[in-house]
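A, B, C, D, E, F, G and H are the chain letters, set down in written order, and residue numbers restart from 1 in every chain.
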Amino acid sequence: MDFTFDWARATRTGLPEAVLCGAKSAGQLADIVAAARARGARLLLTRLEPASFAALDETARAGLAYDPLSRTAVLGGEVALAEAHVAVVAAGTSDLPVAREAVQTLAFNGQDARLIADVGVAGLWRLMERIEEIRACRVVIAVAGMEGALFSVLGGLVSAPVIAVPTSVGYGVAEGGRAALTSALASCAPGVVAVNIDNGYGAACAALKMLGVAAPGDRGA
Amino acid sequence: MDFTFDWARATRTGLPEAVLCGAKSAGQLADIVAAARARGARLLLTRLEPASFAALDETARAGLAYDPLSRTAVLGGEVALAEAHVAVVAAGTSDLPVAREAVQTLAFNGQDARLIADVGVAGLWRLMERIEEIRACRVVIAVAGMEGALFSVLGGLVSAPVIAVPTSVGYGVAEGGRAALTSALASCAPGVVAVNIDNGYGAACAALKMLGVAAPGDRGA
Amino acid sequence: MDFTFDWARATRTGLPEAVLCGAKSAGQLADIVAAARARGARLLLTRLEPASFAALDETARAGLAYDPLSRTAVLGGEVALAEAHVAVVAAGTSDLPVAREAVQTLAFNGQDARLIADVGVAGLWRLMERIEEIRACRVVIAVAGMEGALFSVLGGLVSAPVIAVPTSVGYGVAEGGRAALTSALASCAPGVVAVNIDNGYGAACAALKMLGVAAPGDRGA
Amino acid sequence: MDFTFDWARATRTGLPEAVLCGAKSAGQLADIVAAARARGARLLLTRLEPASFAALDETARAGLAYDPLSRTAVLGGEVALAEAHVAVVAAGTSDLPVAREAVQTLAFNGQDARLIADVGVAGLWRLMERIEEIRACRVVIAVAGMEGALFSVLGGLVSAPVIAVPTSVGYGVAEGGRAALTSALASCAPGVVAVNIDNGYGAACAALKMLGVAAPGDRGA
Amino acid sequence: MDFTFDWARATRTGLPEAVLCGAKSAGQLADIVAAARARGARLLLTRLEPASFAALDETARAGLAYDPLSRTAVLGGEVALAEAHVAVVAAGTSDLPVAREAVQTLAFNGQDARLIADVGVAGLWRLMERIEEIRACRVVIAVAGMEGALFSVLGGLVSAPVIAVPTSVGYGVAEGGRAALTSALASCAPGVVAVNIDNGYGAACAALKMLGVAAPGDRGA
Amino acid sequence: MDFTFDWARATRTGLPEAVLCGAKSAGQLADIVAAARARGARLLLTRLEPASFAALDETARAGLAYDPLSRTAVLGGEVALAEAHVAVVAAGTSDLPVAREAVQTLAFNGQDARLIADVGVAGLWRLMERIEEIRACRVVIAVAGMEGALFSVLGGLVSAPVIAVPTSVGYGVAEGGRAALTSALASCAPGVVAVNIDNGYGAACAALKMLGVAAPGDRGA
Amino acid sequence: MDFTFDWARATRTGLPEAVLCGAKSAGQLADIVAAARARGARLLLTRLEPASFAALDETARAGLAYDPLSRTAVLGGEVALAEAHVAVVAAGTSDLPVAREAVQTLAFNGQDARLIADVGVAGLWRLMERIEEIRACRVVIAVAGMEGALFSVLGGLVSAPVIAVPTSVGYGVAEGGRAALTSALASCAPGVVAVNIDNGYGAACAALKMLGVAAPGDRGA
Amino acid sequence: MDFTFDWARATRTGLPEAVLCGAKSAGQLADIVAAARARGARLLLTRLEPASFAALDETARAGLAYDPLSRTAVLGGEVALAEAHVAVVAAGTSDLPVAREAVQTLAFNGQDARLIADVGVAGLWRLMERIEEIRACRVVIAVAGMEGALFSVLGGLVSAPVIAVPTSVGYGVAEGGRAALTSALASCAPGVVAVNIDNGYGAACAALKMLGVAAPGDRGA
């Protein structure tokens, strides 16, 4: 079976192709990595569980820089990072894997980020202590599970766009992240936008587009 | 048709009977008011829409003190109010009817309340300006629709119990109040409890029980 | 009853206060308009149904520029518009009220917009005919109901951020806009972000923040 | 325990009986295979996980042609295939197991199919490159997870009926396939019909009925 | 405001454009009818409530053949009908408006249909009395609300494809048509496909595609 | 920790206590069995997975008659069975565990039952062949998953009450049994009643009450 | 349009046909009443709103005995009533219309019933005062909205089968009756069965079947 | 990575910080315990599964008092307990882990509690036997799964506030605890408040606030 990779996406949307590994078999992943290497293409792999990474053959693993916290891997090495224009703000310790997926995606595309963690609104002073750091950024990615109150509080405090990433952290009515997602969409603070639950990658892609760094010279379809 | 009113409830739970008018006909309501008057009982009517109040016959309307904002009516006159131990905190103008239903229920039971409105978290300074007033109370009733972020922020700022009343104010994913309810239940701030959507009456009943004023001398079943 | 308006919001987030009229009474709206006029503040009113506008007293109506299609009104007159950096793309005729709410909100804040309508994906050539106009913009607001396939198709064609506004246009499984919202969030095209159903106002606010025009000189809390 | 197989179904509806293996025990499956073999009947088994296939006794496994990607098995050997009148179009790599279940079901019933994969709408050119191949078919089976935008785009491009098969590929709001299913049903492109999530077998059965090859000489009940 | 009608759809998909009137204003509908008349195009209008039809100006109403039961209107007159190859089977009296929308859509496109009503499965003999009439057709459209058991029973009795149209007839758990829709999708009878709730128009379009009469000579995009 | 068993239930409702084992630990189960044995009480255990049965200590297992298909166990031996007045009708092979739980519960209470399996409505003749056997019973328990069309078809064919037991057999929209449950509740056939998903035990208890055999001589509370 | 009434239902299931009026037009209802009168058949009409009854022509209204509380009408006069074997127990005043629909349906079929109202569990003594009356019946129909706790409490107190009828009385999470329905299905008291929300008619039909009075001499299909 | 613990919470809200262990790794937990020990702080850990406790390194485990039933652990030893003012009432054996989490949280904060188990309403006499013990308490925590009828029955019997803790005990419609949660919120007994599903910790925190023992001398932010 051969794959029709969307190598043209970078020229069209300014974002290189990434591979969502979740539902793919080890064989499929190995084929994709081999195809990218054959083209000399850089590649970002997301949602690559440690067990799935370990199940790859040695050839596939070679050259992949794997980060277990965010479950991402990079083929083709690092690039130089521009100064941080994006703040990635996480409510709790359990939100770190998703926050870090955003940071890794930004880094893959050459953008540094400020990661500000453990600033949930139940202890508001923690957020207020770091609010000036956040205000210095051009885009804010907010990562929170449970009831997602962080999104509205942040949205009322900064002039930059706030990209809310609800996480699946929580139980009972919060299980799976729906409560946090709903809070992001229903936010009383204007200018908050949302991506899918646990989608740190998508938030980073949106941030890249907002920074204008996703725009290449030509955009032929 | 005759009704089996739970006149014994006051001695058993310390809360006098109230009448939820929503689904009852004008005839049913008139019968209930007449029965209460015959016993000389005080009565609180909730969810009595202006049109339903107007549809009552003159006998039923006489003696009812009607408040259109909260859609409540009281039979049997006012009682003296104790000093305010309860803060009723409302996020926005649209939450006032529900907040006022709580205030009226407390007043019916002899308790004054501090109503603090328009302190939604998208403009956090408004809440912070009045936080000491709120902290001076023994129970806090928080009333909010939309994403209900107020519940968690308040829960992290006060030592009193916070009773969250989600309201049906909102549209899209917030329509009907489910988003605010979920935020209350999933709150990252411990000590927040919730009642049903738009249930200002129930929040006030819970507050009365928490103040201990719902407890009569004897509680025979 | 007096209101605690968040007049400080403009200095804090760069976005002037707007009034969501839906659940407010004619009396409450008149009070708000009077307070704004007394301060000499400009004001945007959204979700002001024709019947609600007609129910305002003459003093309140005077000076309000009302647009029935988008159900918005402006107090304080128009401002000069900057060149259009935002494309507002609507799938069908029924999506126009929401698309126009976005256009009006941008105009209230001094930004022109290109409104491109009737380009639903069931007739793909309609969208392709106008894709270069859309690509010339720095931010794209996409407005669609039904199944919301427009969001993903657009997201794969442009390098600008795409703000998806699902609309409540549809019936059966699409009733209320949930189907379109879900499509926006689950989009296979990275860089698509979403706001609440029918929230043209919120999409415009996010666009203003992305353009950087929401950022004032000082941002004191 | 003995089974009442619907051996009459073929004469009544033109479709031979198939066995959905998911919730059946190894013992139950072995009994069914033995009964079919005793009658000399051909049999298609679907949703037979590799572990369940391995758990069958050797007698049951003998004569079963097992395909692990689609998790199908065939008893009774292959039949000659008619020319392909059905296109099976899959959005992504993760949709292949379901697409292949459709292809296997068609083959079991004597129909070849064209499998066209990796043509998701986020990279529209991939679909456009192969659209003429698809247009040459009399029935189109479209297989997609995530937001399922493929269904509407295809429905607007071909004159053949489009059978949408939503897949459970996705996470967050797309988890379990509901987002893709809703998109299929709410499609703005007329003539799109849907089957249950991951139901490649059902889509193939519907295609057989549309081709008229499901119709036997006599159809007595 | 001018509209971008998809006049090319007929050549591309074989189905002429139809107008879903539900969320459109009287002014918008009049503009669309005028544009069609100016082109000399035939037009089908669906979900045109009697009140909306009455609200059209006289020019718009002239030439429209309006059917109040199905809430459809036709501009441009009738065409000759081919012999009936489609059975439209309705479970109850309350399902007739949706069934009739399917019949009208087929007639607009030159196809006669057999309407078979009041054959719900709670009285199975009613369906069995007419099953041979149904079996004589090449496509079956089944229309049912409540629990939608008709879809599975029919699917097991005929060799033609069964297009299930769930209707919003029902109350309690059946309210809005979700119960019937779920029954269609979860049907134990293979070969049943579904369209959106109350979508008689969409079922007819799918039937036209299945009959092959939707396929024109050229299909340029 | 000691348990407050409801040994009085038999005299009050005519049904002996049963133990739902699902969420209980091996230690808790052993304590319950020991307490029953000490009282000389008969006991029915339901939802006792094979692994949980195996995890019980030998003392607890001794004297328990375990049936792995239905996952039930009986302490205290069998009783003589009355003639069968209850038909237990199962749509498919995968519904047998739930059907058998009903049969075991009836037997524990002294009632025989006729188990009629594999009579799903997609092959209607299978049901019609056995309908007279079913009609000879005073109560019918119908067990079905997927879309649950069996409930309505049966309800229209017999004069006995039909107790619908939806099962969690199914996938996609039928996953977890909600589709079958909704079909039971929305049934167009009057006289169908429903119990919870997979609740064969509850259906049997209801049948016992309907037969009047649950009624003891005295019913003191 | 002519109707295919299921006049054979009485001989098959022992229950005469009833007409659910909700979604039918005045014309359709008049036709049905005329057809019944022509056959000399008795007929029960349910969910006939006062406005719909008033909209019938005089011929249709003549001979119909209309009960506005339950919204039922009877054609063909009353029959003699057997002694009451059924208790209809209603939690609150707002549940009376549904309770009364059950009573009317039983009376139409010759069975008297004991209506016991206002015995909600928040005032448990009310229920306990009347429990012996309820225990004297062979079938119990329990009618409750809100959280439906009455179903479980009753189920633990009586040996007769309890048919739970959840009502749509309630607001917030209880809106539409889902909370009460779920309580009925999840009841910890074995032997509780449920019908659809507000389905007093269906509960009465089930009670008739349980009493055995639904069983005629011959049951030919 | 270092953590920003909210050590100030105790002075602000009167509740010491607790750690929800569910989604945290063994490494993260060890870091948190070490940080607390370094400060000499007492710490409560909740949702610490036996496997997760066993996975901690020996240093982390030392000094942790672990309770497997409630899955809680305490660092820093026990404190003297005040007389019991809180009743923790559990419906069934399966609800004990959640009930015990509440008891452990109260004890961590110096409050004893009365645990009253196995008093589900299907056997009402069990509850009535112990009602005076419950009435002697100032706060009642009610813990129940399934349909949660206990909440309403208790709410009607006591004058103390009732904090409902729905548990995820149940199957079918009760799976995950939603049925019990809805019953708590829709309760017909005023004064019942709810926390999230399985949130014994949160109920205990609310009880502490209601007792006033959560209020420290100074409450500076």
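The rule is simple: a residue touches a chain if its C-beta (ideal position, glycine included) is under 8 Å from a C-beta of that chain, and two chains touch if they have at least 3 such contacts.
Since we're looking at a predicted model, the values are computed, not measured.
Asks: Any chains in contact with both chain B and chain E?
Replies: C, G
Asks: When every step has to jump to a touching chain, what is the lowest number of steps that links chain A to chain D?
Replies: 1
Asks: Looking at B-H, C-E or A-B, which pair matches A-D on over half of its contact pairs by residue number?
Replies: Overlap exceeds half of the contact pairs only for C-E.
Asks: Could you quickly compare B-H and A-H and let me know which has more C-beta contacts?
Replies: So, comparing the two chain pairs, more contacts are at B-H.
Asks: Please indicate which chain is farthest from chain C, where distance is taken between mean Cα coordinates of the chains.
Replies: F
Asks: Need the CA-centroid distance for the pair chain F / chain G, whole Å please.
Replies: Taking the average C-alpha coordinate of chain F and of chain G, the gap between them is 27 Å.
Asks: If you average the CA atoms of chain C and of chain H, how far apart do the two points sit, in angstrom?
Replies: For chain C versus chain H, the centre distance works out to 44 Å.
Asks: So what's the Cα centroid distance for chain E and chain H, whole Å?
Replies: Taking the mean C-alpha position of each chain, the two centres sit 56 Å apart.
Asks: Note the residues in chain B that touch 2 or more other chains, in rising order.
Replies: 9, 12, 122-124, 155-157, 172-174, 181, 185-186, 189-190, 196, 221
Asks: Spell out all pairs of chains that touch, sorted by label.
Replies: Listed by label, chains in contact pair as A-B, A-C, A-D, A-H, B-C, B-G, B-H, C-D, C-E, D-E, D-F, E-F, E-G, F-G, F-H, G-H.
Asks: Which residues of chain B touch chain C in their complex?
Replies: For chain B paired with chain C, touching residues are 93-94, 96, 117-119, 122-126, 169, 171-175.
Asks: Can you list the residues on chain C that touch chain D in the complex?
Replies: So the residues of chain C in touch with chain D come to 91-92, 120-124, 146-149, 151-153, 155-157, 170, 172-174, 178-180, 182-190.
Asks: Which of the residues in chain B come into contact with chain H in the complex?
Replies: Chain B residues touching chain H: 9, 12-15, 18, 131, 135, 138, 155-163, 181, 185-186, 189-196, 201-202, 205-206, 208-210, 212, 214-216, 219, 221.
Asks: List the residues on chain D that touch chain F in their complex, please.
Replies: Those residues of chain D that touch chain F are 1, 3-6, 8-9, 12, 20, 22-24, 28, 32, 47, 166, 168, 176-177, 181, 196-199, 221.
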